[in-house]
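Two complexes are shown next, each including subunit A; its partner changes from subunit B in the first to subunit C in the second.
Moving on, here comes the complex of A and B:
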C-alpha cells in the first residue's frame, strides 16, 4: 500500500517536472521576444537588449529554466513585465478564489447528483424515474453561462436577494462572502451536477445488475440495503473518474462564470495577462493550472487505491 | 412440522413474460435432508426454477402457482418482501455459478460471511459474527481460515471463492440449499473437491439440497434423486441410479447418450440428439473434398504410435511422442516466461513461468490432445503453436516453419496452413460482420464469385444452409456459431487445425454434434489436429494421443486409451479419477 502511494507520488513529481519544461519551452518558442513584448514595438534595439539582460534572457535556456523552476518551487514566480511587481501573490490570491468557487460548486453538484442519480436509477422503470431522468438530460444541455445569467436576472435583478457580481474576501466579511459566492457556485455546479447525475445513474444501474448484488439479496438483504451496503462503493469508482476530469475542466472552465459574475479568479487573471502580453505571469499561471490538474489526477488515483483493494497490491 | 412434510413443495409453477411462457407448470417436492439434482440444457428453465423459489425473479417475469417451504409458510410467490428477506439466507440459501463475480470485490470475505449472520441476527454482535465466520471458513476447508477471512475476493482462487460462498450459504443452517451450477466454472480436480464438500456438509446437517447442473456426472456424485428439465417442463423424476441406467423419457435417454463420450456408433461417432434447428450434412456429399491430385501427392503415412512416457520428478527432460523424420509439429526445449506487470519500486518485476522446457512432436495426421487445468500453460502452448505468441527460448517448428523470431511476412503462408477454432463462440465472431464475410475473411487474392462459392461449399460442409450467409452471428445458437468458426478455419484448406476448448461452452447434445463434425472433417481433409481442453473425456473421444500438462510442463504423454486406463503420473491419476465415464458413474451410484 505504502509502496503504491510512493510510486504514484513519484509519477506525480515526474509529470510536474515534465509539465514545467513543456510550459517553459512553449512560451520560449512562441514568436516574439519577451523583452520586446515587454517594451512594446517603439523600443530601440539597445533598450531591448538592456531589457533582455535585465530579464536574464541572454543566459542559456537551460539556466533560465532552472532559475525559473527553482524559484517556482519556493513560491516565487518572478516579476511582472507590466506592473513590475511580484507575480506570486497575484496568482495565489486568484487561485484561492477559483479553488473556493470550484470546490463549492463541486460540493453542490455532488449533493444534487448522488441522490438524484441513485433515485433515477432505482426508479428507472417507474414514470417518476423517467421524468426525473428527462430533467437531468435538459440540465446537461444548458451551458453554464446561460444558467448564470438566468440566475442573475431572477435573484439579483428582479428579486434583489443577492448581489449580481463581485467578490468579498471571507476574512473581511464572511456573510458578504457567502452572498457573493452562492450564485456563481450554483451556476457552475448545476450543469456539472446534471452531468454527474447521469454518470451516477448509469453506474448505479450497472452495479444493480452485478452478481454480488444478487448474492446480497439471496443473503436476505432488501433491495435498498443491498444497494447501499454493496452497490454504492462499487458504483463510486467510475463516478470518481468523471469527477476528477470535471474538476480539472472547471479550474479553467470557471473563467466564463468568473467573467459573468466579475470574479477575480485565476481564469480571469490568465485572460488579463494574455491580453497584456505579460509572459512571465502567463507562464506562472499556466504552470499552476497544470500542476493543479495533475494533483487532482494524483488524488483521484489515490482515492481509487483506497476504495478498491484490487489496486492496492503491487503485482 | 411433521416428518412427512416436505422441505420444499412446488406446485404448478408457471413463469413467463406476458408474451412467452418459460416454465409450463412444474411440480416437485424435496423432503427434509434430501439431495435432489435438477438437470437440463441451457434455456431449459433450471435457473428460473431456483430464482422463483428464492423470490429473485427479474421484474419483467411473472410467476404463478404455489411454492411452500416447510409446509408452514404461506405461498412464497405471494409472500411480502419483508417475509422473503427473513427467509432468504436464513431458512433457504443459494450458491451461484460464478465465483468470480458473486462476491463483492471491495469487501473482505470474512465480513461478507459475517454479514449474513448480522442480517438475520443469528449472532449477537459483530465480533461474534466475525469469529463464527472464521469457524465457517474452516468448516469449508479453506487453508488458514483466519487469514482467509481478511482476504479480498480477488486474492482467492475460484475454488476458494466458491468455498466462501458455501460458508456464507450454510452460516445460518438453512433447511434448504439451492446450488446453481456451483462447480461449472472450476477446474475438474477442484470441482471434485467442492462437490464432495457440498455433499458432506448437507449430509452432516440434514440440509435439503437442490443442485442445478447441466452435467450428469455432478448429479451422480452428490444427489439421491434427479429431476430432468426440458423446455420448461420436468420430464423425468427418479432416483439417480435408475435414471442413469434406465432412463424413461426419450429426452433423458438422448441426454445420457450424448453425455457418454465413451459410447459411439458403428462409425465411431457420438450419439447425438435430433435437433430440428440444424440441418445435418447429408454424408458430406456436397462438401469440397481435397482434389484427387492433392490426395495422390500426399505421402502415404505409416500410422505413428506414441510411446507412453511420463516426466519423473527431478528427472531429465523428456521428448514426448518423438516422431522419426519431419512431423507436423516439432517442439524442443520450449520455455515461455512472462514478466508480471508491476514489481517493486526498485525490485524487478516477478517472472511467471508459462512453459518450462517442453519438448514433443506431433506426426502428420495425428490427433493430438493437450489436457490441463487453468494456469497449466496449455493456452500459452496453443498460442505459440499458432504463432500468436513467441517462445522465450527453445525451438518450435510447425510444418517446417520456425516460429521463434519469424516476422509476420514470413508467417503469411503459415497462417493459411494453421488455423484455429476458439472456445467462445459468442466472443470470437465479430458481431457486426455477416457470416459470409466472417467465413471469407481468411481468403486472400480470391475473386468475389469464387469466394462466394467456396463459402457456400464450406458452410454446407459444416452442416449450415447457404442462406445463413447474410445473417449476423447473434442470430445463431452456440453450436451453430461454433460451426461457423470451423467453416472459417477450414476455408483456407489448412493442414493443421488447432482447437482451443472448442466445445467447452456448448451443451452436451450440441457438444456431441460438434465433436462428430470435427472428427468427420479431420478425416475428410486429412488434418493434423491439436485439441486443447480441460476435459479429459472429450480428448479421449477425439484424440489418438494425449499430453497432460501441469504447471508449465508436460508430465505425461501417450496413446489416449493407455494414458486413460493406466495413468503413470500422480497428477494424471487425479485428473482421470475426477472425470469418470458414464459406466463408472453408474457403478459408483449403485454401489
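Moving on, here comes the complex of A and C:
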C-alpha cells in the first residue's frame, strides 16, 4: 500500500516537472514579447527594454524557471505580468467555474446516456432501437459549439427564457447562477451524452453475450432482470474509463463552449494568458491541470475497485 | 448492501431531476438584481482590460472603460471631437501660446475623499514623465513648468507653443490623480469622475457605480456593468436576448442588419478614429520606390475591400485623417481612383515585374477578410502577395511592429490623431520624410488657424507620397435598446463616455 502511494507520488512529481519544463520551453520559443504587449505600439524600444527588466524577463531562462518553481514549492504561484494580481485566486476562480460546468454537464450526459444506451442495446434489432441509435450517432456528429449556438438562438434570442451567456457566482445569486448554467451545461452535456451512450450501448451489448448472463438466463431470470442484476455493473467499467477521459479533456476542452457563452472558465483563462504571453500564469494553469488530471485518474481507478471487486486484489 | 446502493442511486437521480425542474421553473422572472432596472445599464464590449492601470498598460480597453467615467482631466473631447472644459472651469492662453492659466472647479474631491486642487494638477502631470510607460507620456513633453497659483488656479508653461498639447490633455495622459489613490492602480482606480469601480474581473466584467459625491451633474445610470465578450456573435446575441442593453462598437458588420429591421433596437452609426491601413514597408526592397507604392494605391478597389470585409460599412478616407479632425479633407478619398491600368504602367515605369511581397497580417477577422480581397486585386496587376496571418497581438507586434520584418501589412490604427506617430521614421511603416516631420513640428507651433491649414497640407503630402494605403475609416456602430438616449455616436477619443446615457 505504501509502495502504491509512493509510486503514485513519484509519477505525480515527474509529470508536474516535465509538464512545467515543456510549457516553459514552448512559451520561451514562441515569438512574442510580454513587455511589448504590455506597453503597446506607442512605447519606444527603450521603454520596452526597461519594462522587460521590470518584469524580470531579461534574466536567463533557467533562472526564471527555477525562480518560478521554487515559489511554487512553497505554495506561491506568483503574480500575473498582465493583471498584476496573485495568480492563485485567478486560477481557482476560473477552475471553480469550469468544474461546476463540466460536472453538471457530465451529470446531464449520464442521465441521458445510461437509459438511452441500455435501451438502444436492448432493442438493438428492433426498428425503434435502430432509430434511437441513429439519433445518438447524429448527436456525436454535432459539435458542441453548434449545439450551443442553436440553444442560444432558440432559448435566449428567440424565446428570451434564458440568458445568452455570462456567468453568475452561485454565492451572489443562486437563481441567476442556475439560469446561466443551464444552456452551456446542456450544450456541453449533449455531445458527451451522445458519445457516452454509444459506449454504454456497445458495453451492454458485449456484456449480454457473456457467459454469466447466459447462466443467469438459464437460472430462469428474464433478459431485463439478468442485465440489471448482473450485467450493468460489468458494463460500467469501460464506460467509467471513457467518462474519466472525457472529464479530463473537458477541463480545457470546455473552452469552446465557454467562448460561445462568454464564461470565464479555465480554458478561456489559459487562452487569454497564452495570448498575452503571461508566462507565470500559464505555468500555474498547466500545473493545476496536471494535478487535476492525475487526481481524476486516481478517482477513476478508485471507482473501478468499487464497481468491480475483482480489481481490488490487482492493485 | 446492493439494495441500499440502488436506492441511493435512485435517490440521487431523483434529487437531480427535482433540481432541474426547480431550475426550469424559476427561469423566468427570477431576476434578483436589486438595482433599479431603469437606471442600470449593461454594455457589451469586445477588448477586455488586462488590468485597470493605463499609466503602465497599453491598449484602448482601459481608457475606453475608465476615461471620463472614473478618471477625469482638465479638459475632455465632446462627441464631435471639440475640446471642452471638464475639471477646468475655463482657461486662458497667453498671446505667445506658452502660458495656460486654468481656473479649476471648486469643491471637487477624489473618490477616496481627498480634495482636487491645483496641487493635484501639478502632482499628476509631473508624475507622467517618470512613472508612465504606456499611452504616450511623450505627449506632455511640451510642458516646461507647472505652478499651483492657488487652490483653484493652475498655470502650465510650455517650452514652445503646441497646438496638439491641449488635445492630448483630453486623453489618458491628462488624467488627474491623487497621491493617496495610487496604491493599487491595477484594480482600484481613484479618480474624480461620475463613476467608481465596484468590481473588476478581467476577461469577464467591470462594474461601475455612480459616485455619490460627484462634483458635476450626477449621471442618469447609477449602475453600469461593462461585460466583455470574445466573440461578436455572442455579443449581439446577448443584446437580442436582453442580457445587455448596448453594444458599443460592433466589430463584425454583417451582424448589424438584423437590428435595422427590429424596432426593439436602434442602430447608431458614427465616425471612429480607426483608419484601416494597408501599410507598405517604405524601406523594404519592394516598396522603397514611391511609384510601386502608388501602383498599389491604384491597384486596390477600396470600395470593394470595404464591401467584403465590412459589409459596406465605413468611409473611404484616402489619408490618415478622420472627419472629426479639423484638417479632414474629403477630396483625398479620390486621390487614387481604382485604376489597374495606371498601376501596371507605374510598375513598368519603376522597372518592376513579378513582384512578390510578404503580406503579414494580424489574425483578426477584419484583417483576414480584407487581405484576401487585397491579394486578389494585387494579383491582377502582377503583384503576388504571400499572406501570413500572425497571432495578434504577440507575434504581429514582434515581427511586423518591432522588427519591421514584412513588406505589407493590414491593421486598424485606432488612436486619435496618430498621423504624426505614423510619419516618424522609426515607426514600422518606415516612412522617412524629414520635410514632413519638420512641417508637423512647424504646424504644432503655429497659430491655431495656420495649424489646420498646415496639417491639411502635410497629411495631403503623405497621401500623395503613398506612405500607406489608408483603405477606409472603420465606422463606429453601436447597437442599443430602443429606449436608450444619449448614447455616444462617434468615438473621437478612446473613452466610452457613459455620463450622457439615459432612458
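For the reader, a short list of remarks on this structure follows.
Convention: the second predicted complex is superposed on the first by the 238 of 315 C-alpha atoms of A that agree within 3 Å, B and C clash if a C-alpha of one lies under 4 Å from a C-alpha of the other, contacts with A are read in each partner's own complex, and residues count from 1 in each chain.
Keep in mind that, in the parts below, a contact is a pair of C-beta atoms (placed from the backbone, for glycine too) under 8 Å apart; a residue touches a chain by one contact, two chains touch by 3 or more.
In this text, all values refer to a predicted model and were calculated from it rather than measured experimentally.
In the superposed model, A:10 lies in contact with subunit B only, and not with subunit C.
In the superposition on chain A, contact is made by A:216 with subunit B only, not with subunit C. In the overlay built on the shared chain, the residue A:275 is in contact with subunit C alone; subunit B does not reach it. Touch criterion met: A:309 reaches subunit B, while subunit C stays clear of it.
Contact comparison for subunit A: of subunit B and subunit C, C touches the greater number of residues.
Judged by the touch definition given at the top, the superposed model places A:264 against subunit C, while subunit B stays out of reach. Shared-chain residue A:111: touches subunit C; no touch with subunit B.
Residues of subunit C that touch subunit A in their complex: 13, 16-17, 23-24, 26-28, 30-33, 48, 50-51, 53, 56-59, 133-136, 186-187, 201-205, 227-231, 233-234, 237-238, 240-243, 391, 393-395, 397-399, 401-402, 415, 421. On the side of subunit B, the complex with subunit A involves touching residues 54, 56, 59, 81-82, 85-90, 93-94, 96, 98, 101-107, 115-116, 119-120, 152, 154-155, 165, 168, 340-345, 350. Per the touch definition, subunit A reaches subunit B in the complex via residues 3, 6-7, 10, 125, 210-212, 214-223, 229-230, 233-234, 307-310, 313-315.
Chain contact summary for the complex, subunit A toward subunit C: residues 30-33, 36-43, 45, 47-48, 50-51, 82-85, 90, 93, 107, 111, 149, 152-153, 156-157, 160-167, 173, 175-176, 178-179, 182, 259-262, 264, 268-269, 272, 275-277.
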